[in-house]
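As structure tokens, the structure follows; a few thoughts come after it.
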């Protein structure tokens, strides 16, 4: 009895410190999470509470061509993950191969990560416009044939968005990899070098395996970004157009909720995104456990 | 100041590990008690239990006869000095010293007076505005002491406070702590793993092992009458060596002990000093031989024949390790270590004869390891 | 255990120079390396370069693209967006959102992280795992009920809505960051304080907070950057014109004005939106980088 009372007292003391923060997270994240799942099973709109409709919303989404196009576009943006990691691996290898001024290059490559997606997107609206700097540059370089309406051609637009996402991602991925690289035991690299292995062989076989964890971390962040942080790109660069060719799930959700007022349907889209987020959540909890942070 | 007591103290961790397995310890008002033992013996846990930083699984903690087991550390009014000193890095020395007084709501004027007084006592006046990282190890140690003293607590708990100092400073601080303790008339429990420190500082020393107090006595008694083989092997530098022998009676009825095939007469005084020996006749014994418990003679002389294994010259003295065939458990070889002058003739490989000094020997039960005629534990 | 923790996310050290082969092969390799990195750096910097030079063009002279700096630069665009397009007010709104959300998140996270590190209570591990899991929940997933909730509370178009939402979404990350730092503080300091008679509150205020100052700065700074950069939350919860933030302003103005002669104006606006970040980065590069690496995309 005494032990139980003491445990309760300890829990109560803990609550005092945690309560304000947890209450806010509960209000802003946990409560809406419950609600979004609940509403995805109703035909609720902004103005009507709606009634329970089972899985109708999901059925409707899965039979909607626009939903699948949006999903495909998310998958296309997901290509930024392997691409950014591949490029970052090469960049890190070159940086550590031992040249002067590596720090400056690193800084230059990191710069795109700092500004907001919204700021970057507006810059690229200009850069990629029909008469804009990129096409000018191509024409000036005698590659005028490559010049195109980057954001207004339905076949090209989503790939342009991918280019911008990739452009913004690389610096951060390089930052993650170089951070890890700095903590790799240099004597390992030296030992391989003494054994007569060339730099790239040493790098791939000794350094890169040691970076597996951070590469997984970069991949997971890229994954969640491709599904859940593309909103600002799409809403500014293309508004889903042309001809709804660049819808992503996020943008679809936003339009359903705020233009069409279809709360139930928008919630169902949110649940799809939630599944992706939960996969990432599971990974983060798992790796925090492994690093004994919990 | 106050008296302290642990009664039947047990501490078990969820994993099943037991840090304390029934510890009884009584510290009188104004006494300096040293807890000594190897790492993991439970001495720090015992100290932390008195402070209230650990809750006992069973048993009680008393301060001045009052059960304080349910009280938070703050309410126990004891002060603790940590091995790492645990000085607050973001505060100046002055604020470190006054922290406990501020926490207890002591008025500012009184606080300043006490901090100044302690600073004078410990020669910290020049350092009051410095931060811990700007201090030397010895200075930090003094601040940690000052932080404890300034509170005028009911007792002082010291957890290896000198182990981070270099050897010379450590010896100097030992003396200072003892003088300070005497001057303040402070009740103090002092934890150390260093038996030299324990013997030089403590009026009484409790030797701990595996969660139990093996013996609690004056330094001289610990050395001269160890309560069991653990204490015999722990106390003294070098500690006593343990040999196996069989107790018998000589022709005239006097006790003798056969060690390594040689009968050692224990002398007329042995039985008077250790009445229990008579009852052990015919049985096997563990014989404790302290470093000053035998003489060396050239090979072939009277005594137990052996071979010099190692001779360590330590400045003014030499430690000689002698291997004795058949003197260990089950007839195995055993080694005795003795302390001799620097001129002793001992070259590794030389045959020698070990002549035991009967008055200096201790006798233990081979099964339990307990001394025959065991002195009282507490 | 090393303390203070220096490996929190690991700030990249400059690559140590390696010995490369001597002679012409080494020289050729070096040229190739530099060539590759210069090309990549150019790709990374060019968009921001054309942004900057366009922002100094005269709108009347602008013909759709500028690749070289104009010979007659003007600050007129900055003056115009600042005073006539309302970027002055948007800047203030962004600052209010960013600084107050970061302050709330950091303050609440400091208390929670202290609770998680210094107290042992039932359900602690589970709660902490919950915090880490919540870090991965993006705003878009909760935006639907969140907007309804704020409407029901009557907070839409009032200051607390976006500030609280932003702080709540940042909080798990802030708790995690501070917790990983505070757990490395030597526990003996707090035990000493406890024996000295200090209450939890005093331990928090006088020992934990001063020692965690670097982590608090990182947490605040990175939270502020995230909140400054966010679009979705203020777009949905601060719809009133007088509450428009820079990001919302850019999102509304951008698509309608890009590709027109308003580009210089727009680029001036974007530059203004990036400027505080550049300053923060220049002043506290290490803290920012460490926080970004730890937090990921929050």
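Chains: A, B and C, in written order; residue numbering restarts at 1 for each.
Keep this in mind: contacts are C-beta pairs under 8 Å (C-beta built on N, C-alpha and C of every residue); 3 or more make two chains touch, one makes a residue touch a chain.
For clarity, every value in this text was computed on a predicted model and none was experimentally measured.
**Student:** Moving only between chains that touch, what is the shortest number of steps from chain A to chain B?
**Tutor:** 2
**Student:** When contacts are scored as defined above, which chain pair ends up with more C-beta pairs, A-C or B-C?
**Tutor:** Top pair by contacting C-beta pairs is A-C.
**Student:** From the Cα centroids, identify the chain that ends up most central relative to all protein Cα atoms.
**Tutor:** C
**Student:** Just the number, please: Cα centre separation of chain A and chain B in whole Å.
**Tutor:** Taking the mean C-alpha position of each chain, the two centres sit 62 Å apart.
**Student:** With chain centres defined as C-alpha means, what is the inter-centre distance between chain A and chain C in Å?
**Tutor:** 15
**Student:** Chain B to chain C: how many Å between their CA centres?
**Tutor:** Inter-chain centre distance comes to 57 Å.
**Student:** Mark out which residues of chain A touch at least two other chains, giving numbers and ranges.
**Tutor:** If we look for residues of chain A contacting two or more partner chains, we find none.
**Student:** Which residues does chain C have that touch at least 2 chains other than itself?
**Tutor:** If we look for residues of chain C contacting two or more partner chains, we find none.
**Student:** Using the touch definition from the top, list the residues of chain C that touch chain B in their complex.
**Tutor:** Interface residues on the chain C side: 186, 188-189, 191-199, 202, 206-207, 210-211.
**Student:** Which part of chain A faces chain C closely enough to touch in the complex?
**Tutor:** Listed in rising order, the residues are 7, 10-11, 13-18, 20-22, 24-25, 27-33, 35-36, 39, 46, 87, 91, 94-103, 105-106, 108-109, 111-127, 129-133, 135-137, 140, 167, 170-172, 175-176, 178-183, 186, 189, 193, 199, 217, 220-221, 224-225, 228-229, 231-232, 235-236, 239, 250, 253-254, 257-258, 263, 266-267, 270, 273-274, 277-278, 280-285, 288-289, 293-294.
**Student:** Contact residues on chain C for chain A in the complex?
**Tutor:** 7, 9-20, 29-30, 33-34, 36-38, 40-41, 43-48, 50-51, 54, 63-67, 104, 108-109, 111-112, 114-116, 119-125, 127-129, 131-138, 140-149, 164-165, 167-169, 171-172, 175-176, 179-180, 183, 200, 225, 228-232, 236, 247, 250-251, 253-255, 258-259, 263, 266-267, 269-270, 273-274, 277-278, 281, 289, 292-293, 296-297
**Student:** Going by the contact rule set out above, which residues of chain B touch chain C in the complex?
**Tutor:** 51-53, 72-74, 76-80, 82-84, 86, 88-91, 99-100, 103-104, 147, 151, 157
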